[in-house]
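Look for chain A in each of the two complexes below; its partner is chain B in the first and chain C in the second.
Presenting the complex of A and B:
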């Protein structure tokens, strides 16, 4: 009879260059790009792509999502927007999955003279940034999108605005990651602990462990559960911002562009897909991890959508979803070293996880490989929140 | 080698005294009562209790569901309401399943002086029928149901109104039927054909057949698919009336009574269950078998519910359901012989399937056993639609 040690020696553990904790659009993008760069990678997530990414509308629209004072976020978004065409081409080629990328523009509409004044200011701001934007009359709006309400007074057309279907992006990323040799571990990561030789261990909910040279925490609004309390880690200032979002289904071509508007002070958007689905979003609620679809959330979205596009009432309501945006105090993500050596944060992307996926992946892979970090991403260093 | 006949002789078929086609509240009630009366019974339904019964709110409120001109339906409903306490007692005893029967009354509210005038007329009508009904001020309404809107001008309290949870009724009926020796065949009936010796055959979607002395068609809005074209059968004038209905979930005691109201000409109701669920209904749409939950249907229900009970916006929206009421030209059901000898219809219950279950079962079992048919049910003879 021989001794049977209950803990296996470290050398027996599965070992990767990089463990990415969280399989949303950020984590999967990082993992795919890291695998492409020659690193051995494992993503740890019990259900990849089912969190905030699953809820999100997938708009690649850095300007309309940003307030005027948030210039670092705007620069980050514009840089990532510029990286999207190349990212998309490689992703679709690596995976063989089309991600329903559409670049048919956004029409942002105003229902009143006051709303139009707001849009005129936004248009001037966009023009100053070098973006193509056109002022439209109400009639011109309806000529482009006949389903718009007669009450629409005017609007802005941003011809270059694009969007993707985030669920197809997840499918493409999982395929591309797998083809690049990356692994997906279908389990929840619960703790990061130092190991011998500069390595890190990731404990899983099942009790198993993974051994990795570097650990990337890309767990969205759940990232503080992994980062907080690590030696040298700040109290991660990431909080869940609840969003309720609906999926409608109509005939193809019901809308051809993204339609956005401000209704009674609340922003609302309708994002059409190639298959006739329309994503209608979204609430923004500071309620912690409240998973409930509420009567008021659904009511408000449908009410506001009807104001812009009355015909939505005839569409099928196919899905009601709740997601949790990872919000931060300055609305900038946390991308960079956090906690003990080897731990990198990639979280806090708030409303812009899909848009920021390329720049996030580029930045994290630069940190992992020792390449220079893009200048525009330096504003995202988690160290800015250290005491 | 012996001949292998592809059709089995009739004597080999499963044979029942009664085959009930359709396992909603009507069919299951008939089957249970028939089994209790000593008949051998099979219910044929691919998914019992998942049709209109699954959608329904389960109100036992014959008066508020009826227009003044529909006196035969009203008398039928009052007779069935009177039968419900005994039906419920036996059902709960036979099954051991509590059906969340609540008799805490309905409060019907008015948001304007015009609405209140309508309610005053209704109240006078109810009083003339011998029903207990009380006129309330707005303040008295809110004292009874504090969640009612401040805009409520007044209302009527019908203290005797009752309701049940139709999904628990189905569970109870299935258990009681099984305990009484009845069978459930999980398949769809597709045709009724005469057989030898006065018997009937029921062909199933699977291709199998059932042999029965009598066949009861209780397939709701799908009944014409089984009845039409039978020798001696009328073109069954039953059509689907689409209803969209929502389930909300709140704290227990959010509402304690049924709340009904007329909002901008549309009736809306909220039916609270013992577990905090609230059923909010319902649309009435002439769209055939359109299975779609629509943005407009959900929006309208939530908008109208908010007018009566603003706090519903805080409740979880747990379910959106579509059901098809079996409507008839005169809003009376079809209960009685239809088509060839031995075929009995029990359909066309429109909005009142749950309310009318006891009187329907009593009438059909009387027809099956040769007992006298209740006088009040004679108005339901399908023969009234024969040319």
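Presenting the complex of A and C:
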């Protein structure tokens, strides 16, 4: 791929069945599953796994994240949560990398009586939706997680929620993809153009091109840069939602479950890893691609976390990270054909990219191979935003 | 920023639900507004839900917190408002000092091209109650700087009067703390503020459900500002429609004039005709 890129006949270009633009958890999952299904695949990304996936906490928590008006997202999340154990088993088998998948549930706690009133209403909503949640007293919460503050008023236990370490997931996916014969092109894709014979060309920042039968755009919040302006594609309704997130390190077993909390109406979460790391997040800011870690962002997260788990202030603060969730107007992802024939979008996963990786990969591979698309993923058809 | 020409107050309201019994256009800082419901955007689960709720509310003016918003970012809440033709009222939510609030207001004016600002200076994070001294200080300086200032204040008639004298174009007393949904805790003070005010009084904060909004209007407020009551409802668009109807109903009731509260029953019929009533001729 060192030849001069321009004006080469299409037959000389490296050609793949599928080019996946974006090597976050969505793109890599799609590429791995597509390679497993026998397609030749290349992922194009200058630094795979360093975007939103790198920042993300990896919660697989559709139950405790449910919100009024978002039942389609809940159904999608539940389907993907159910797919995770099988996805994980095959991923760990294919890669030999353990991804710290834990299914010990989420405990969601209230910092005050007002927060408990909100949680009680949430619990009633979850129960009405047929979800498994248990109402706990403050003492019951602390029996499960002794590091919780005595002031915790009570909480909800969502036993079905789980979590993974997204950075290990990326490492596993890269290994599994490579073992399945997939390629990773360490470059940025800048444009998609039609080519002869129904194929597509992907122009890279280096100026070189890749030739592919199909192109999957999985570039998260940057996806509009590739999709906008393609024939048949309206402006892609994806925007960056900035999140600041912290990583702490402490003794193993400091927390055993994923702890989410509401502190004076503001949500906060702490996600423990097997190696003692705790991910503490996250802000949600409509500030475009603002890369700055701010004093107020870090302060607010630590202040609220300390209210629920006073011991966090004794932990080592090892990392502050900014990531950009790809938000959509309805908080559902865009998964499906977008723009000219052969282009498939897999973006807009907002807060749930890791959770939705299995269902996203299954849906996109179904589209690529002509298999039936999962019914639950029909709500993600990008066509819903066509005028 | 689309600005409408200033015209006299003689125009039927644009809201068909408001009825045409009176010329009753709401005029704020010289601009006519077809709705007396002002919306906030905080707490909406998604932009789409917010969009539907704003549509159902019929609002023509919506306040947006500027402190953590990039006005140039695509697909933001500002896009939703622009698409709907809803005027933006930038606010200084999250500021604790007059200095921060003034800075935020200036950034908003530059970014959005409007000199309207909902001035919000918070005393503490727990109650989110407004700090009267910082608010007054900021209001004076913003008015001097050419802003149309709409200050968020406690339900304090004396402070409301002072802010009006300082040149604010409206006063926005709270019904109860932000997001509490506790309704109007001191209707008497709201009445006192209304009685003395020469600028519009907009009830801001505390509305939990439709009857709270109707009560604000019955007490004589010129408009109601609310967000959480709609955005955090199970069905935000339905609650927005309810608020729209409540504001209209409350306004009509205010204009119609409520009957006195009496200790004992007073039969409505038959009996003596009320003073001034035309006797009905029976048809045989």
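Operating definition for what follows: the second predicted complex is superposed on the first by the 377 of 387 C-alpha atoms of A that agree within 3 Å, B and C clash if a C-alpha of one lies under 4 Å from a C-alpha of the other, contacts with A are read in each partner's own complex, and residues count from 1 in each chain.
Basically, contacts are C-beta pairs under 8 Å (C-beta built on N, C-alpha and C of every residue); 3 or more make two chains touch, one makes a residue touch a chain.
These numbers come from a predicted model, not from an experiment.
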By the touch definition at the top of the document, which applies to A:313: first (chain B), second (chain C), both, or neither? first
Quick check for you: in the superposed arrangement, does A:63 touch first (chain B), second (chain C), both or neither? neither
After the superposition on A, what does A:298 contact: first (chain B), second (chain C), both or neither? first
Counting only touches as set out at the top, which of chain B and chain C does A:248 meet: first, second, both, neither? first
Please work out whether A:344 is in contact with chain B alone, chain C alone, both, or neither, and reply first, second, both or neither. neither
Does the superposition put A:239 against chain B (first), chain C (second), both, or neither? second
Which residues of chain B touch chain A once you look at their complex with the stated criterion? 246, 248, 292-299, 302-303, 305-306, 312-318, 320
Please give the residue numbers of chain C that touch chain A in the complex, ascending. 45-49, 51, 68-70, 72-77, 125-126, 179, 232-236
If we count contacts the way the header does, which residues on chain A are in touch with chain C in the complex? 67-70, 125, 224, 237-240, 264-265, 285-288, 290, 327-331
